[in-house]
Structures are given as C-alpha cells and as structure tokens.
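Okay, structure first, notes after.
Every chain is named by a letter (A, B, C and D) in the order it is written, and numbering of its residues begins at 1.
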Amino acid sequence: MIKFTDEQSMLLETAADFCRNHGPIEKVRASLDADDIDRGLWQEMSDLGWLGINVPEEYGGLGLDISSIVPVVESMGRYLLGSPYVSSVLVAECLASCGSDSQRSEWLPKIVAGTIGTFALTEEDGSWVLDDIEAVGTVSDQTLHLTGTKMFVTDADVADLIIASVKIDGAVRLVLIERNQIPPGNLSREVVIDQTRRSFRLNLDGIEISASQVLAGSDLKAIELNSMLMLCAEMSGGLTGVLQVIVEYLNTRKAFNRLIGSYQSLKHPSADIVLSLEAAKSHLYYAATLVSDGDDNAETAIRMAKAQASEAFAFAGDRAVQFHGGFGFTFECDAQLFLRRALWCQYQHGDENYHCRLLEPLLLDQAV
Amino acid sequence: MIKFTDEQSMLLETAADFCRNHGPIEKVRASLDADDIDRGLWQEMSDLGWLGINVPEEYGGLGLDISSIVPVVESMGRYLLGSPYVSSVLVAECLASCGSDSQRSEWLPKIVAGTIGTFALTEEDGSWVLDDIEAVGTVSDQTLHLTGTKMFVTDADVADLIIASVKIDGAVRLVLIERNQIPPGNLSREVVIDQTRRSFRLNLDGIEISASQVLAGSDLKAIELNSMLMLCAEMSGGLTGVLQVIVEYLNTRKAFNRLIGSYQSLKHPSADIVLSLEAAKSHLYYAATLVSDGDDNAETAIRMAKAQASEAFAFAGDRAVQFHGGFGFTFECDAQLFLRRALWCQYQHGDENYHCRLLEPLLLDQAV
Amino acid sequence: MTEKELVEFRAEVAAWFRDNAPDDPGFLLPETFMEVGTDEQFEFLRDWQHKVYEAGYLGMAWPKEYGGGGRPQILQDIATQEMAKARVPFMTNTIGLNWAGPLILKMGREEDKKRYIKNILSAEDIWCQGFSEPDAGSDLGNSQCRAVRDGDEYVLNGSKIWTSLGTYARHMILLARTSTEGSNKYAGLSYFLAPMNVPGIDPKPIQKLTGEYGFCQTYFDNARIPADCLMGQEGEGWNIAMVTLTFERGATGGQAGGISSMELTVNDVVELARRVKRNGKPAIEDPDVRRQLVNFLIESKSNRLMGVRSTIPALASEWPTAVMMSGKLRASELNRRLSRFALSMLGANAARFVSDEATDGGKWQRGYFNAFSATIGGGTSQIQKNIIGERVLGLPKD
Amino acid sequence: MTEKELVEFRAEVAAWFRDNAPDDPGFLLPETFMEVGTDEQFEFLRDWQHKVYEAGYLGMAWPKEYGGGGRPQILQDIATQEMAKARVPFMTNTIGLNWAGPLILKMGREEDKKRYIKNILSAEDIWCQGFSEPDAGSDLGNSQCRAVRDGDEYVLNGSKIWTSLGTYARHMILLARTSTEGSNKYAGLSYFLAPMNVPGIDPKPIQKLTGEYGFCQTYFDNARIPADCLMGQEGEGWNIAMVTLTFERGATGGQAGGISSMELTVNDVVELARRVKRNGKPAIEDPDVRRQLVNFLIESKSNRLMGVRSTIPALASEWPTAVMMSGKLRASELNRRLSRFALSMLGANAARFVSDEATDGGKWQRGYFNAFSATIGGGTSQIQKNIIGERVLGLPKD
C-alpha cells in the first residue's frame, strides 16, 4: 500500500545528511528575509543532481516521477531550509507535461543545470481555486499582452522563468515569462509570515511575451496536487523539527523544581503531536505512492494529507510557543520559526476546512 | 442584565433544600424504570404550590412567569430527580396561552392541585422541528378522529391530559387528549437512555376526541423555547451534580501512590468542566431573565444556552465515567446516571449543532 | 504457496462465510467477548466458534498434533480478513485464542498443550483471565491475591476483577502472589493455569454501565487447585504475564486468528448516516455530519497507514516506537468518539436505549457506553499518553 | 448623581471622543502597552493619554489634591466605557495607572502621592514593572535580584525581565531581595519605587516572536538608588506585591480608569468576516466560518454573563470562586483562539505579515502572535488550570 524503493531510500539518506549539515538553525536565521538565495546551497543541490530527479532522461534528468522528490523536500522541511528548489522542480514537472516540445528542449536541461523556476498563480483575493483568476493575456499579432497582478510569487527576483496563469479568450492558460521580459519595477517584495520564504508581488501590466510562450496544456489541477504533495513533505519534516525543539526544552527546563516535561499538561499534548506526526508522515508516503502509481485516488490521498498535516503542524507550532513560556514569546526561541512555517504551509493551496469540504463528495457521495 | 428577585431567591432556597432531602442517590436508583411515579414526592410538590407557580392567580396559581420555575427545575436536576413536574408546568403554560377560556377554567385549577399533564409532539423520525409531523386529526361532525404515532411522551401512563400536535386540514394544531380517551393498548413503554425518565409511545389511531378539545392557539415555538429553558435548568443542575461526583472521587482514589486528582490529565479537564458549569448557569439565568421580560432576544439566549449546556454536560458525563476508571464502567458508579441524563437532555429539542446552525441567521445576518 | 493458490483460498473462505454466516438470532449480539451478558448470547457465540473451527478456519497455523491446522500463517491471516469482511460474529473464546493458547504453545509443557489447545479452538473450554484486582489500579505488580502451597495444592485467597466470561469459563490464566518477600513487588508473583470449577472460586457478575453483564469479580475463598497448575516456576509470574501481554497487544504473532470483536469502522457510521434521519433529513446530507465523517475517515486512514508505514524501516520517524506503543490509545479513543458521534446522527432517537424501537436495536448507544471498557481497561488513555510521553519521547516521569 | 445626569455625562464623553479621536497615524499601532515597539508609537500614545487626561477623562475618581478629578467612580466607569466604544487608542501608562498609582494611593507616603500621581495620569512619568526574572519561572518568590543597603542608598544587582516600556519608563515598581535569610523565600523580599535614570540600570529591548519590540530585560549593575525608594519596610515586599497583583487582576477598584488595550472582540471578527474574502467568497458565507463565529459568540457571551451572574449571591454556584479565579485564563485563551481563527478567514492572504499589503496591515497575524503574551505571562494557562483545579475545586496539588 505504501511503496518505497531502494532508490528512494538512498535519496532519503543523502538528503537527510545534506540537510542536517546545511541546517544548523543559526544558518537558517541568517537567511531570514535575505536579499538573495543561498547561492552556495543552490549550487550544491544542483551538483547533487536534485534538480533533475523528475526530469525525463532525454533532457538530462533521472526520469523519476515527482513523488521521488518527497524525501528530499521532507528533509529540507525538517531543518527549515529555504530555497527555490520546490518551485523549480514543480516548474520542470509542469513543463514536462504541459510544455511544447521546443519549450521542453529549451528549458528542462537548463533547470537540471540550476536554472530557477517559479509560479505566479495566486491573485489578490487569495483564492485557492486556481482557475479563479482575473489576469488576462491579449493576443495581437504574435504578441501576448499581459495584465493583472499575481501574489506569492516565490523567489521571483532570481527566477529565470515564471509560469503564470492568465485568461486568454476567456480560458485559463499557462504562460512562460522569462526574466528579461519583466520590466524593472514590476516586482515588489512581500512581507510574509514565514521569513524563510522570499515572496514577491508580480505586476503583469506591460509585460509582453511571444504567443509561443503559451504552454500547450493548462493542467492546473496537476500543479495544485503536486504543490500540495511538496507542502505535505515540508510539513512532515517541519513537524519532526518542531517536536524535537519541544522535547528538548521539556527535558531541560524546570518549574517548581521539576522538569516541565514531567507535567501531564505538557507531556500529553506532546504525545498528541508525535502521533499526529506519525499520521502526517504516513499520509505523505501513501499519497506519494499513489501519485507514483498514477492511481485515481491520488487526489483524495493528497487532500487528506494536506488537511491532516496543516492542522497538526499548526497545532504543534502553537503549542511549541506556549510550552516555551516566556522564552517562547521571544524571537530568539526557535518555536516561532516553526509556527511561521506551519502557517505558511497551511494557507498555501487551502487549509483543512477547505480540503475537508472538497473531500466530502470524494468520500461520501460515491457508492460504498 | 440578569435579574433575580427576592421571591425567586426564596423559591430557590426552598427548592434546593427540598431536592437535597429527596435526592439521596439511593432513592434515585430505586426509582429507575419504575412502574409508577413517586406519588409521595408528587404530593409534596403539589402541597408546596410548585404546580401553580406559573398559573394565573384567577386559576389558583401564583401568577408568576415560566422563568420562575427555573430554580426549582435546576435543583431537581442537581439531584437527578425524575417526575412529571416539568411537563405539567409546561402544559399549564401552554393552556394558559393557547387554551380557550373553558379549557383554562377546567384544567388550570386541576393542574395546580396536582393533575399531571404531558406533551405528545415528537414522531418516529425524531425530528426536532415541531411542525414537521405526520399525525392527523380528521373532523366529522363534532368529533376529531386522530391517527399517527407520537414518541417520547413522558409519564403518559399517569397523565390526566396530553397535549398532542396533529395536522388538521393541513395546519398543525394542538389537541387536548384526556386520559380516558386513550384506548388500552395505545400506550407502550419506551426504553430510553435516561432511566429516571418514564417515556411512552402513544399510538393515536382510534382515539376520538371532541372538536372542542382543539386548542385555540398552536404556538409550537413557545412550547419549544419553554421546554428548552427547562432542559437548560436541568442541565445546569446536572453539571453541578456530576462535577461533585468527579471531585469527590479525584480526592479519594489513589493511583501510583498519589491521589488521582493531583494528575493534570484529570485536574485540567475538571477545571474546564467547572468553567463550563459557570457558563451554563449564567446563560440559563440570562435566558430566564429575557423570557421574564418578554424580550425579543429570548430565543437567541435560549438557543445559546441549550447549545452550550448540551455540549458541556455531555462532555462532563463522558469524562466522569472515564475518570472513575474501572469503577466508572460499572452500573454502581453514579457517573453513568449523569451521563445518561446528559444524553437525554442533549437530544431533546436539538443538540448543539442544530441550535448553532439556527443561531447563524440570528447572530450573523443582521445589521451589527 | 503461489499467489494463485492464495487467491483461490481467499475465494473459498469468502464463499464459506457467505454461505454459513449465522442468521440474526433475534436478540442484540455483543460486539466483543467482554460484553457477553446472557446465556443465549454465550451459547450462540460458542456454537458459532465451534462451527468455524470445524470448517478449518481457526487455529489454522497452530500445530496439527494439538488440534490446529498445521498450515501456513498466511492462510489464517486470509481467513481472518475474510471473516472480518463478512461481518459475522466474533470468536468468543478470545482469552483462549489470543492469550492463553499462544502462551501455552510457546512456554507450556507438552501435557498442557495436549490438554488445552484443541478445546480452546473448539470453544469446548472457555478461558478467562485473572490479572487485575479491585484495588491494584493499573499496576499489576500490586496484585495481592494469594496462592499458598499446601502439599500438592495451592490455596487461593483474594479476588480478581474484570474477568470476562467468568461464569462460563473452565480455566483461568491467573497471576497470584506466592510470596510477599523478594527484592521487589514483582518477584513474589506466580502464574497459574487454574481450573474454575473448584469449590471456593466464585465469579460474581458485575453490572456494567449499560445495565448489562459481561465481566465478573472472581472471589477466591480457600480455593484449592492442583500444584501442577503452576506455569513455570514460582516467582516467574510477572515475566510470564508480560509475555502474555505481548500476545494481547498483538505485537508478536502466535494467536489462533479469527476476529475477536465486531470492530466498529467509520464506514459503518457512513452507512448509518445514509439510512438514518437526523431532524427529518438523511443524516448524510447534514453539513456538520458530513464534516465530521470526513474527519473520522482521515483519522481512521491515519491509523491504517501508520501500521503500514511503520513496517518500512527507511520511513521510520525519529520516534520509531510511537506507532506500536499507541495502538490501543488510538483505536480505543477513536472508537469512543466514533460511537459517540454515531449517536448524534439519530436526532431525538439518540435518547433511546437497547430495545426494538431503537435504531439497530440500540447498538449505537450501547456501543458508546461499552467503548469505555477499552479507554479504561488495560491502562487508561491517560496512562497511555504518559507512556507515549515517557517511553516514546523520553520525557521525564510524573 | 441622578440617572439623567449620568446619561448626559455619557453623551458628553461620547461626543468628546468622537470629536477628538486621533487620526490614523500611518503606521500600525500596538494593541496593548506591552507592544509599544517604536518611538513613533510611544510618542503618539503618550500624547494621546495626555490629551485624554487634560480633557478630564482619566483618573476622574482619584483625589483632586494629587492631580485626579475627585469625582464619583461611576463617572470614570462611564468614561472608560465610552472610550472603549469609541475604539480610540489605549492609555499607554498602564503600569502607572493600574498598578503603581493605585498602590501608591493606597499604601504610599504623602510625599509619594504628591510626587508621582499627577505625572502618572498625564503620562509625564511612564512607569514599568520589575517583578519577573529570567530564571525564576512563575513563582515570584524565587526572585534573586539583590538590593543591598549601603548608607542611604540601596545597591541593585541582577536583572528583571518582561519590563514593558522599559526604555521609556522613568520609574519602576521593583521587587528585590534584601535578605537571603528569613523563615522562607518570601520573607527576604522588599518593594521599591525605583528611578530608572540611574547609572547601572540598563533596559535592553527583547525582540518578540513578532519580530517587534515591546519588552525589555532590565539589568542592574551596582545601580544605586536612594534608600527612601523603599516602600513599607524591608521584608514586606511580598505582601506589597500581592496587593499590587490584586490591582492587576482588577479584583478591587482603585485604578485610574481608561482602556489599557484595544480589546479584540468577537464582533470585530464578525465584522472582518463580512469584508474579507476567503477563497473568493465573503468569509461570512463560508459554513465553517459561520459555525465557528457562532461558537465564539456563545463563548464570549459566556464570559460576559459569568461576570454579571457571579455578582448575584443567590446564583453563586457550588464553586463560587471559579469565575473570579479564571478571568485571565478565559480571556487570554479566547483571545488566542479568536485571533488565530481570524487569520483563517483570509485565505492565502493569511500567510502575510505586518505590511501594507496585508489585511488591516497585518494586525491579525501580529495579534495572534502577541496573544501568547497573555497565555504565558502572569502564570501560563497550564498554571491557571492548576490553580482552578486546586483552589477552586479543592483538588490535591501536583
């Protein structure tokens, strides 16, 4: 029911080591709200071949499916690493399935080599329904004139290509915007709750691209589900990280002459958290297995995983702050880093209420 | 905002004493599933004048409003007393407002003197919407032929009059059925979760009453709200009772050489329960005040009170069983008596989900 | 065996249970062996187990020479799965099949195996368990029930509690104190395969919060049992009890197989939601019911997936014992909340109790009350959380 | 005063606040005095308090001879209510108005009253509080900060934490240890009205989890303060601190009045639900949002009604101290959950933080983070539940 190949095991081991080495929390703290990504880290990821894991072999990748990325992203989540890795991998996945031959030939080898990609999908009202957009592309001759505004475009300033959703003749299409096609001033940094993220607002007004930059396909659902799988991986890793922070403090700090971990009011919620982590990790690898198998139930599995992990990680982050007492209220305490990460992950692509409502028809209204 | 008169204070004091004296738990246990009500108890209540509290003075009552009953019913709930008191009082209230002059003159003085009344409203599907019924009354000459079945008719076997809801010419009306109009065999005892209740199924088929037994009014909403106010009073009392049971055990029983009340996993939920009791009691007397004032917000207050207390009392009952450990699993432990009472009260006239949904338009869709 | 043979075997078992599933007896059956409260229930269930054993679908992997099937464990696993799917009544001799039987096979003398195993499988001999005591709380080490050697007998005095099937059982696995000395309270305990039909052993039914029966308090008043009922040596009782408990937790194999309860699943509750009305409308259409059902489906999926994932070493979490140590907590609390929730779908009819007029005869109300047996018995949920906090996460003791 | 006069007064105050409410300063204001993180915030709030005092709506019931209004308490209560209704910024000198001021009026020397009271009201002198210490946990009795008498001075060494407004304060109410002997740890504590502008007193801002400032850790390095800063006698510190805390809890009267925070109400969140979109639709139309809002409305109504009902002796419950002892727990936990919930209504925009692009400038996200100050400070919610269990219900100590 859950498959995990030797290949994936090896990748997981490498990723865990790599992220542990790059993940001392001081390094993460130094990266908060940074002006640039960690170029050294990026180069190392690229050198390890991680950017090509899900790229077809003909374009220089390993030819594995997107679910093989899960252990890598989970490990990153464990140490709160920030990078354009997930967005680049997802852009590659999207190009591989929705791009034209020439788009694939042009971009996939570049991504394998370290070119950064990202998405511009969400708009001002923060809707999670990806085809609920207002940005427009108007064709005249062979040029596409874009208008509208996109939000939460991560690492947009360092991305070489941005896949954006716009309406062309009333239909939602994906377009590929290159870095040099964005006028200066159209990008502005956003202040987001997870300071390890570098997020931008992208004003599409005045951007002109060639009509050939429209992607052949526009499978928004695939983008949504793949993104969610990656978020679940981050959350599973993050839950592990935050629980370590909690356990360490509960085993160190004393109150009324007892280690605070001996109090059931802290011990029992910590037990709840470890069980929620076990659940999250299980849903994650189950969803990954179904994605890998191309199983029709993958959507259900991913939405379940997203709903469960969103709630669990946000709860753990909240309790982590509370259980650290006065120290938890300071920026210096690592609990807040995880809480912020949890809130980011929870509100990307829909929280538990959203997905549980979407799960209702999938789970309840079919023949048993 | 909450009014409580000296008159009510005195009544409360008398009621508390009375119920404490009649409420040793052994007596309650002896009454479970009994074939008859406690006639002595009933006589005493009648002698105290409690059956006339809300009956207009012209019919021999005290002429107070229904909310004055609250402290009496709360005290009864505290000791799990069972009796046809609430149903009789509510029948009197209904007759006073919906009955004809002759119906009032005939029945109200009798109720003050101890005649038992009850309602037959709910039907087989257990719907809480009181006008969602199928029972029918068909008029021919001056006779009304009844058909249909009613559920949860408490103390029907000892009631002298039963107010039932039936559809006459498509409209829901209330009719007054006298004891001698019910053929033998039309009543059968029901097994209900709260063994202090004596509940019956009433088959209306074959019952014929005079057309003059139709009540002039048919204010089902008033019946619903008044019944709920009484249930809230029972629940507030019940919460007090069950918390006493919990606290006593937690201060007596030891595990691993410590009194179990010293464990936070029992202590903290107990703290939650006392706060929920304080809330329930407050909502109760607020709702009683608004009812007494004839305030338009009484409906909102009662539904809030019902929703909050239903959840709180059922939670407390559940935890009471759990916290008693192995003993809690036995019939001998009093926790189950309260849990059963809580479940009865919760599912009469709608649980918290039902009322919260009804509160939405009342609370959210009006101008702030 | 080949994959094909397994598939064929599964089909065969499924067919047998389809054809042989007992008819509705006309009374509400218990859902676990701890709830057998009347003679008619007991007899019905005993006969059913006997029939399943005769058909060859119980104890399939137990040695042939003692009455088992002597076949591969995988076949029993398949038979058990199909038994569960067929939703037939459970195998009532649970203590025998899952605790005493495996223990005797693992540690018993040859004569014990010959004497007990077949009758455990056929339900000829019902077994019960004598570990807990009224005042010992959750720590078995506090057991006070005495067994004093007197010639070739032991004399028993004291009492045991939560003896399910106590009045029907022919044998008891009994933990009793043979010494009050020794380095610690565990050292003086011994383990017996005790007969129940002996003067001075008196199982008294305990009325449960449901009003029904199913457990006893078993009193020992100078009851004399043969000395060869002792299992192992005097003073080894604690260790043998711990081995027994590993069978209880299902952590190791060795049980006879067969379902031991009518497990309540979320799908049962979904199915209930489709056919009952809450407030005049099918419960499945109620937005609150729908949301709750989805939450429960996710939770039960979590539990199933955890079991699967934890068998893949590469995917172990940093707290690898969490899944194993939490099985009882997760299952019992889910069951309590789920049966509690099922009630809420019934509208006013939630307030009924076991009777013909109640939905499904009142099994939902009774199920909720009975659910406490698992959130309390075998260490309360509160104690389970302590165990997870301390043994899994390494937090300090209270 | 007549009912009519009160009504007129209320109208007058309401009109004044309507006419004098400050304009939006163009930056996000703090919501409590513990969140004042920048000079521009501080100056704005200090000026506002000064203006309210000058208008006569602060300290109305404090004695006229020290700078108060010398008028009936009921008038101040009305003014405070109207201030809250007008949703104007809070009175920033909270420690002075609600703790130090009432204490000095109750127990201080005549010269203290003359010296301090007026400037507390006018915000000329900001006060801060020095009770908590970094390693003392929730028990003030563990305070280690030393005050050693040397001639007509005390020499201070150690540190205090959670000093809000520490960098702006001119005075501190300070609990320090003058003796390590005595029958118990409480006996050696003394209470000071200490100046802050003294060499060796160094308040260092602490960065909060929001990334902002608002608290300090105040270090004392051989700081010398005049001996007459001692309040009462040496060794009376614990008792005076307890009196101070009764003012904090608001259990007794005596405070200057005026709102001390921008209280988040459920109605604020309902209002937010009306104007924001969750997933493309007004949040108020989302069934999960609606249900949650109703629950919050019931809970906040519970809190308000408890306060009212508990003043009616005949309606006291069997645990009459429950309401009073739980005020902080109920309010702080509701606030945390409510602001957390408010976030969830914003859809993807929930993931923003303090900035122009965020809904209401990011006050909801910041509000959630800041909410922990109350669930942690002044005894964590976990400790509060212990207190209710032990002191209200009479359960045994841990």
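In the analysis below, a residue touches a chain if its C-beta (ideal position, glycine included) is under 8 Å from a C-beta of that chain, and two chains touch if they have at least 3 such contacts.
Please read all numbers here as calculations on a predicted model, not as lab measurements.
Q: By the contact definition above, name the pair with the higher C-beta contact count: A-B or B-C.
A: More C-beta contacts join the chains of B-C.
Q: Could you tell me which chain lies farthest from chain B when each chain's centre is the average position of its Cα atoms?
A: Centroid comparison gives A as the farthest chain from chain B.
Q: Just the number, please: Cα centre separation of chain A and chain B in whole Å.
A: 54
Q: I'd like to verify one number: the distance from the centre of chain B to the centre of chain C, where each centre is the average of its C-alpha atoms, in whole angstrom.
A: Averaging C-alpha atoms per chain gives centres 40 Å apart.
Q: Could you give the separation in Å between the centres of chain A and chain C, each centre being the mean of its C-alpha atoms?
A: The mean C-alpha positions of chain A and chain C differ by 44 Å.
Q: By residue number and range, which residues of chain B touch two or more other chains?
A: Residues 258, 263-265, 268, 357 of chain B touch two or more partner chains.
Q: Send over the residues of chain D in touch with two or more other chains.
A: Within chain D, the residues that touch at least two other chains are 287-288, 291, 382, 385-386, 398.
Q: Along chain A, where are the residues that touch chain B in the complex?
A: 263-265, 268
Q: Help me check something: in the complex, which residues belonging to chain D touch chain C?
A: 287-288, 291
Q: Mind pulling up the chain D residues that touch chain B in the complex?
A: Listed in rising order, the residues are 267, 270-271, 273, 284, 290-291, 293-295, 297-299, 301-303, 305-306, 308-310, 312, 314-315, 317-319, 322-323, 326, 329-330, 382, 385-386, 388-390, 392-398.
Q: If we count contacts the way the header does, which residues on chain D are in touch with chain A in the complex?
A: It is residues 132, 134, 137-139, 161-162, 206-211, 277-280, 286-288, 340, 343-344, 346-355, 357-358, 362, 365, 369, 372-373, 375-377, 380-382, 385-386, 398 of chain D that touch chain A.
Q: Which bits of chain A are touching chain C when the two form their complex?
A: It is residues 1-2, 4, 8-9, 12-13, 240, 243-244, 247, 250-251, 258-259, 261-264, 267-268, 270-272, 274-275, 277-279, 281-283, 285-286, 304, 307-308, 356-357, 359-360, 363-364, 368 of chain A that touch chain C.
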